[in-house]
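The following pair of complexes shares a single chain, subunit A, combined with subunit B in the former and subunit C in the latter.
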Partner chain A sequence: MMVSFFDQFASPSYLGIPLIAIAIALPWVLYPTPPARWINNRLITIQGWFINRFTNQLMLPLNVGGHKWALLLASLMIFLITINMLGLLPYTFTPTTQLSLNMGFAVPLWLATVIIGMRNQPTIALGHLLPEGTPIPLIPVLIIIETISLLIRPLALGVRLTANLTAGHLLIQLIATAVFVLLPMMPTVAILTAAVLFLLTLLEVAVAMIQAYVFVLLLSLYL
Partner chain B sequence: MYIFSNMTMSINRLRTEIMGGHDAGTHHQFTGIAKYFNSYTITGRRNCVLATYASIAALILFFKLKPKKQKAVKSS
Partner chain C sequence: MTYKFLIPIIVVPVVQRKLGDVRLNELCVWLGQGLFLKNHNTWYYRKYIDVRRGGIGRISMLLTGYCVLCYIWNYPHLKKERWRKYH
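And now, the complex of A and B:
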């Protein structure tokens, strides 16, 4: 059986049972639930501090009405960052490399922001489709451009996350294969390639965290 | 009750002006059609958007409902 570089992105299944459900449920298992204590242990305190800090930062540009999204956005961020980081472990499957999962997050949440905007303040929601101070001849063109940019947002959100993670995983696999192949033939080149692989892995750790943050930040800014 | 409703209106206007990006339209004096279709007030922008969407919908409907010319059948 020919092993290709894209096998790592195949949705895993065992005896016909899709294992992606276990992969998606795994982040929930890894975070301890805070007990009903006045003062918790160090781990739960640090976990709570990070989540609170992040949620505060995310809610800064939003008005009080937007704070209703705090729970959803914070939990989405924790979920994405955990899945992305777990996917960097060898031989693990990364669910966020699947476009279906990312579009499954992006489209409903983006649609919710649009529908809520149209329902609560339709004049302002429609008015934002034309930038203020546009010259008269450009008005129809700009309205069409802004409408297209609105409709393309969920696609951009989903594809950005998918492409970044897929490309990163593919690069890691390619360079790791290069190191493995070069080791018996040209050890010096293999060591240099291994150094590149190390730096790339550090970059992928950063990308995993940043892409999760960008996904959630852009969603919050669409509100 | 009257003072309370006045206060609410002025607070709402203050909130509209503080929340950046929204033009309260208080310092623009448009006349004629520009009063309803302009790119400065929020209602003007909304009306421009709705007019553009209505025009596009009308164009699509026009081309969909236009009767197609039937080619004359040539006798051989």
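And now, the complex of A and C:
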């Protein structure tokens, strides 16, 4: 049984066409683009309101130079939320369970923040490696530790997203299988079904997952 | 009851009717002139006046279609997960 549980994460390919292509293209279809009107319909107004509010929150800790990242981070957030929520539908494939995709998001963006920091304010960027007020004997060790923590950040970002989503999907599959197997024997089923439903709602914490991703990305912006 | 026979027959010119209202022998006339008339400012009507209202039906159809597509995509793999080989 162990083999079949993890097979849901293999990228399915039919007639040579990978499903991941459709799964990635689908979020674009789902959001209407605002037409050039003074007042839009309700759906577009709500969508615009959400995006504005979220971007405001995201840009609060940043100075004006960081606001250049607004478009990228907002679109990243919406993309990831949509992909994860779509992955909760039955039989669908979630591209973000693939580590390759998440590292493809994490590494370039993290590297961009580091390089921008180094180019514009090299001394301040290097200064972040050593927190203020450390006792003198600890300085060498702390520099090494801070460097390691800096370098491990993209790995953490990518793996965090992958692991959370994979674990969530796997749990759903496990509990659902348990429910089906226990169906001939009555009482346990009700409890387990309730657990499945609750877990599904909890997995709409995929949204919170994205908050975490983008926010951590934001925190690494010492711009 | 008796006033059923007094319902007036409204005569609408052929070319302005929709296809469902055109009688068979008027079909040629409709086709010939209907296509012509349509090209004037229908784009304006279609863009600003005849707008479709979005509803929950449309997106749920899209998502259901997506689920079905993914099921079809995964079928060769899902075949192995049956509990019985022959049903």
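Of note:
The rule is simple: the second predicted complex is superposed on the first by the 182 of 223 C-alpha atoms of A that agree within 3 Å, B and C clash if a C-alpha of one lies under 4 Å from a C-alpha of the other, contacts with A are read in each partner's own complex, and residues count from 1 in each chain.
One rule holds for everything that comes next: a contact is a pair of C-beta atoms (placed from the backbone, for glycine too) under 8 Å apart; a residue touches a chain by one contact, two chains touch by 3 or more.
What you see is a predicted model, and the numbers here were worked out from it, not measured in a lab.
Of the two partner chains placed around the shared chain by superposition, subunit C is the only one that A:Leu89 touches, whereas subunit B remains out of contact.
In the superposed model, A:Leu43 lies in contact with subunit C only, and not with subunit B. In the superposition on chain A, A:Leu192 makes contact with neither subunit B nor subunit C.
Judged by the touch definition given at the top, the superposed model places A:Ala21 against neither subunit B nor subunit C.
Shared-chain residue A:Glu132: touches subunit B; no touch with subunit C. In the superposed pair of complexes, A:Leu30 makes contact with subunit C only, with no contact to subunit B.
According to the touch criterion, subunit A has no shared surface contacted by subunit B in one complex and subunit C in the other.
Within the complex formed with subunit B, the subunit A residues making contact are 63, 122-124, 126-136, 139-140, 143-144.
Against subunit C, in their complex, subunit A makes its touches with residues 4, 7, 10, 12, 14, 19, 22, 26, 29-30, 32, 41, 43, 86, 89-93. Contacts from subunit B toward subunit A in the complex involve residues 19, 21-23, 39-40, 42-43, 45-46, 48-50, 52-53, 55-56. Listed in rising order, the residues of subunit C touching subunit A in the complex are 54, 59, 62-63, 66-67, 69-74, 76-77, 80-81.
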